[in-house]
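Look at the two complexes coming up: chain A is in both, with chain B in one and chain C in the other.
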Partner chain A sequence: MEEMKVKIKKFLSRFFRKHELGDDEDIFALGFVNSLFAMQLVMFLEKEFALTIDSRDMDLDNFRTINRMVSLIQEKAAVDQQSSQVSGG
Partner chain B sequence: MKIELTEAQENWQNEFSAFVDNEMVPLADLNDSEERIHPDMLRKMAEAGYLGSMLPKKYGGMELDNVTLGILNEEAGRGCSSARSLLTVHGMVSLAILRWGTEQQRSDWLPKLATGSALAAFGLTEPNAGSDAKSIETTAELDGDEYVLNGRKKWITIAQIADLFLIFAKCDGQPAAFLVERERLGVTVLPMSGLLGARGSMIAEVVLSDCRIPQENLLGKLGMGLTHIALPCLDYGRYTIACGCVGLAQACLEASVEYGSTRVQFGRPLRDNQLIQKMIAEMAVQVKAARMLCYKVGYLRDSGDPDSIMETWTAKYFASTMLTKITNDAVQIHGANGCHSGYPVERYFRDAKINEIIEGTSQMHEMLIAEQQFVTNRRAGRTMAQTANS
Partner chain C sequence: MEKMAFLFPGQGSHFVGMSKGLYDQYTIVKQTFEEANDVLGYDLAKLCFEGSLAELSKAKNAQPAILVSSVASFRVYMQELGIVPQFLAGHSLGEYAAFTCAGAIRFADAVKLLHERGKMTDEVAVSGVGAMSIIDGVERKLVMDECKAMEQEGRQVWVSCYNTPNQTAISGESDAVMELEDRLANHGGLATPLLASAPFHCSFMQPMADQLLDKLSGLEYGFFKYPVITNRNAEPMAHSEKVAQNLALHLTSPVQWERTMQYFKHKGVTLTVEMGPKNVLTNMVKANVDGIEALCYGTKEDRKKIEQILAAYPGLRKHIPTIITRSLAVAVATLNQNWDNEEYQEKVVKSYRKIQEIQDRLEETGEKPTLEQMRTALDLLKIILDTKKVSVEEQTRWFHQIIDETGMYYELSDYLAPSRLAEKISR
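Let's turn to the complex of A and B:
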């Protein structure tokens, strides 16, 4: 989990002037969120954590803080595992 | 680092190039003068599978990698800008359905879009909303289990023949994207003519008057219409346009070299004149540079890298602006012949300008690229300041 946070922070540090983002800090409240960033964030999460974000995940709250993003990644990984078990069995 | 096409990509390049020479180049002037895409060309593009070039095999597509897709659009751009525009917008909508569609929406549409038995158009721009896409006025209201759409879309490429429109509208103030079939009651398509370039784009206005569509025709969620649907569509569109510009610039270069070698003035071919050589040299260098930027974008897109988005803005800006200069020089080298439809550079000159307007004008590119520089520089500056202080 810590590793995930480090990766997310590194990506976000390209956009946020604030030196260290807190794990529960609302990134949308910081002012620098444009649509380009939103697109890049989704692409980053998909690539870095090998997951597919679909419309059901497209709730702003899932991306609001580093902790929320980590939860989303973990939830998606759990669902993937379950579905692969189902298809495997 | 290795910058070369794979053998498979080279094979595709040969195929696309032969297709364009045989099937597109001969009809491109006709497309321009008749302001349509000749049905034979469209049929052959569909038969070759190109309308599904961007879709997975699962849905009947070609599942090309992004570099190869770029090469297809480069070649198509060399042959016919209007047909390349068709490939672009049809691909934008297809990819949006693939990315955000429900399983039902995908299975309803993607197989048809892949074979070209249905064509799709992208409806974002309106009479009062161009660069400022957030200001769209088309509305969608939920009434029972149907959305009711009202508004007017303008400049919509291939709307004259499209079977499906991806329409962007606001629902309770939230941007959203809707799949609207052509035959729905309340959809009126008003063909437009008289374009400067890419005259075969078959553009039209699409008027929606109390057009009722089932709730299931919403693509994705309310609120994500612009940021997560329109923008990724435009990102793909921008990439294919950048590649198309490279192809058109290549066509200018080839035509100029040919003309410069054969046209004799003052007892010598034009090519002996250093002022002509300079224009040719600049064309050659610019085309190569633009192609490299496009290959880089293709590579980044294939690896899912978020940097691909900014690199696409860069590539499209560079390719479309260098193309304007190149087509200008190509006409110059051709003299009076360059000002007449007897030579294709006259069409290239007109087609080129369109690329500086669509998928974000040159000014929008300049603003975004500059803004991004300030953002990244600000960060670099802060890091440097910190290092200096420590």
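Let's turn to the complex of A and C:
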């Protein structure tokens, strides 16, 4: 989980320069975040953590803080595991 | 009366689910996507509708996807409303859709070209030689001054898009771009780096521009139906032979979008219609000029508004060309090089009269031409052009234009291959 946070922080630091983001800090409250940023964040999470974020997950609350993002990734991973167990079994 | 300009968005306007609404509703959109799938050899439509976003966002997919979606919107508009625009303009990548909808680049060529251009883009992006960022919240002048200051320090970073008075893009060498972001942040600027992007519209793109020009030079370009206001100089262009050179230079020159919007204002444009997957350029119109209504044909609510606005001009629809009226026009507009008067009378004059008879009947009854009447007219036109000794290349261009202008891309596609047409008629 710490490893996930490090990766996410590194990605976000390219956007939020000179600002040490806290794990529970609301990134949308920091000011300017546009749709181009949102799109790149989703792409990064999909690629880095090998998951597909579908329209049901596209709720700002899922991406508001680093901790929320980590929960989303873990949730998606758990669902994937379950479904692969079902299909594998 | 409304004076319209159509706008075509560029990179970043794609999303999972793009064009799905229009695809489900209109056959022409399905056919347009199917043609793109055939050209590419993979299922672009599925990627647009189901994702993943990461896969769709690869430039080799996103570039053709945005083009197809834009052309599909434009085709639906022409079929459903059909009132013609005065100008077209595309933002960055969107310039390809503008040229395609203007009739200068053939759709299948554009799809293939943008897949290739996308592959080149992905390579440049992966190589990490440069970066690109959107800068919001600081005036264009300040960004230009800071770029100049950095250039004097021997750093390579330039303004690459003049979007609005307070939004620019910068491109250049990666460290220099980041350094400039920081400097602008001190003045209240906000940077959004485009992570998987090449450093578009600056001299870092020269090697790719050379590569691209090779591909561009191999294409055939058609006549312009509408002028395109180009990104490079915010001036109208309608010369087929200049398209290749323009699109190569386009990669290394900044996008003059602010000036493009001012051009529209100056020319009395009252309505811009964005032809793309989602509303991206619409807000940019409002940030640049007052008094121009800006709507996006790709979104349902805006589509309704556009229909309402244009419903006030029912008379304009009558001027929409049909295959019959266009065949008559082309028959007259082409140069005769056959001085055998007897043959001319027998083939050109008689064929022309036969097409005119079809048109007379249609005008009497007020009906639309049937597919059979269209085919008859095109077959007669072919005889006329052959007799006038119009070259095969020119004939191909005319047939492309007629079919393009009337939107009969798939019903009459067999007329786009002149050799096949010749066989068909001689049989």
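We adopt the following convention: the second predicted complex is superposed on the first by the 88 of 89 C-alpha atoms of A that agree within 3 Å, B and C clash if a C-alpha of one lies under 4 Å from a C-alpha of the other, contacts with A are read in each partner's own complex, and residues count from 1 in each chain.
Just so we're on the same page, a contact is a pair of C-beta atoms (placed from the backbone, for glycine too) under 8 Å apart; a residue touches a chain by one contact, two chains touch by 3 or more.
This is a predicted model, so every value here is computed, not measured.
A.B. asks: A:Ser55 contacts which: chain B (first), chain C (second), both, neither?
C.D. replies: both
A.B. asks: With both complexes overlaid on chain A, does A:Phe28 touch chain B (first), chain C (second), both or neither?
C.D. replies: In the superposition, A:Phe28 contacts neither chain B nor chain C.
A.B. asks: So chain A touches chain B in one structure and chain C in the other; where do those two contact lists coincide?
C.D. replies: In chain A, positions 14-15, 17, 32, 35-36, 39-40, 42-44, 46-47, 54-55 sit in both the chain B and chain C interfaces.
A.B. asks: So in the complex, the part of chain C that touches chain A is made up of which residues?
C.D. replies: Going through chain C, the ones touching chain A are 12, 15-17, 51-54, 57, 134, 136-137, 178, 181-182, 185, 190-196.
A.B. asks: Which positions of chain B touch chain A when the two form their complex?
C.D. replies: My answer: residues 100, 220-221, 223-224, 226-228, 231-232, 235, 303-306, 308-310, 368, 372, 375-376, 378-379, 382.
A.B. asks: Tell me, which parts of chain A touch chain B in their complex?
C.D. replies: 11, 13-15, 17, 19, 32, 35-36, 38-44, 46-47, 54-55, 58
A.B. asks: Residue numbers of chain A touching chain C in their complex, please.
C.D. replies: Spelled out, the residues of chain A in touch with chain C are 14-15, 17-18, 31-32, 34-37, 39-40, 42-44, 46-47, 52-55.
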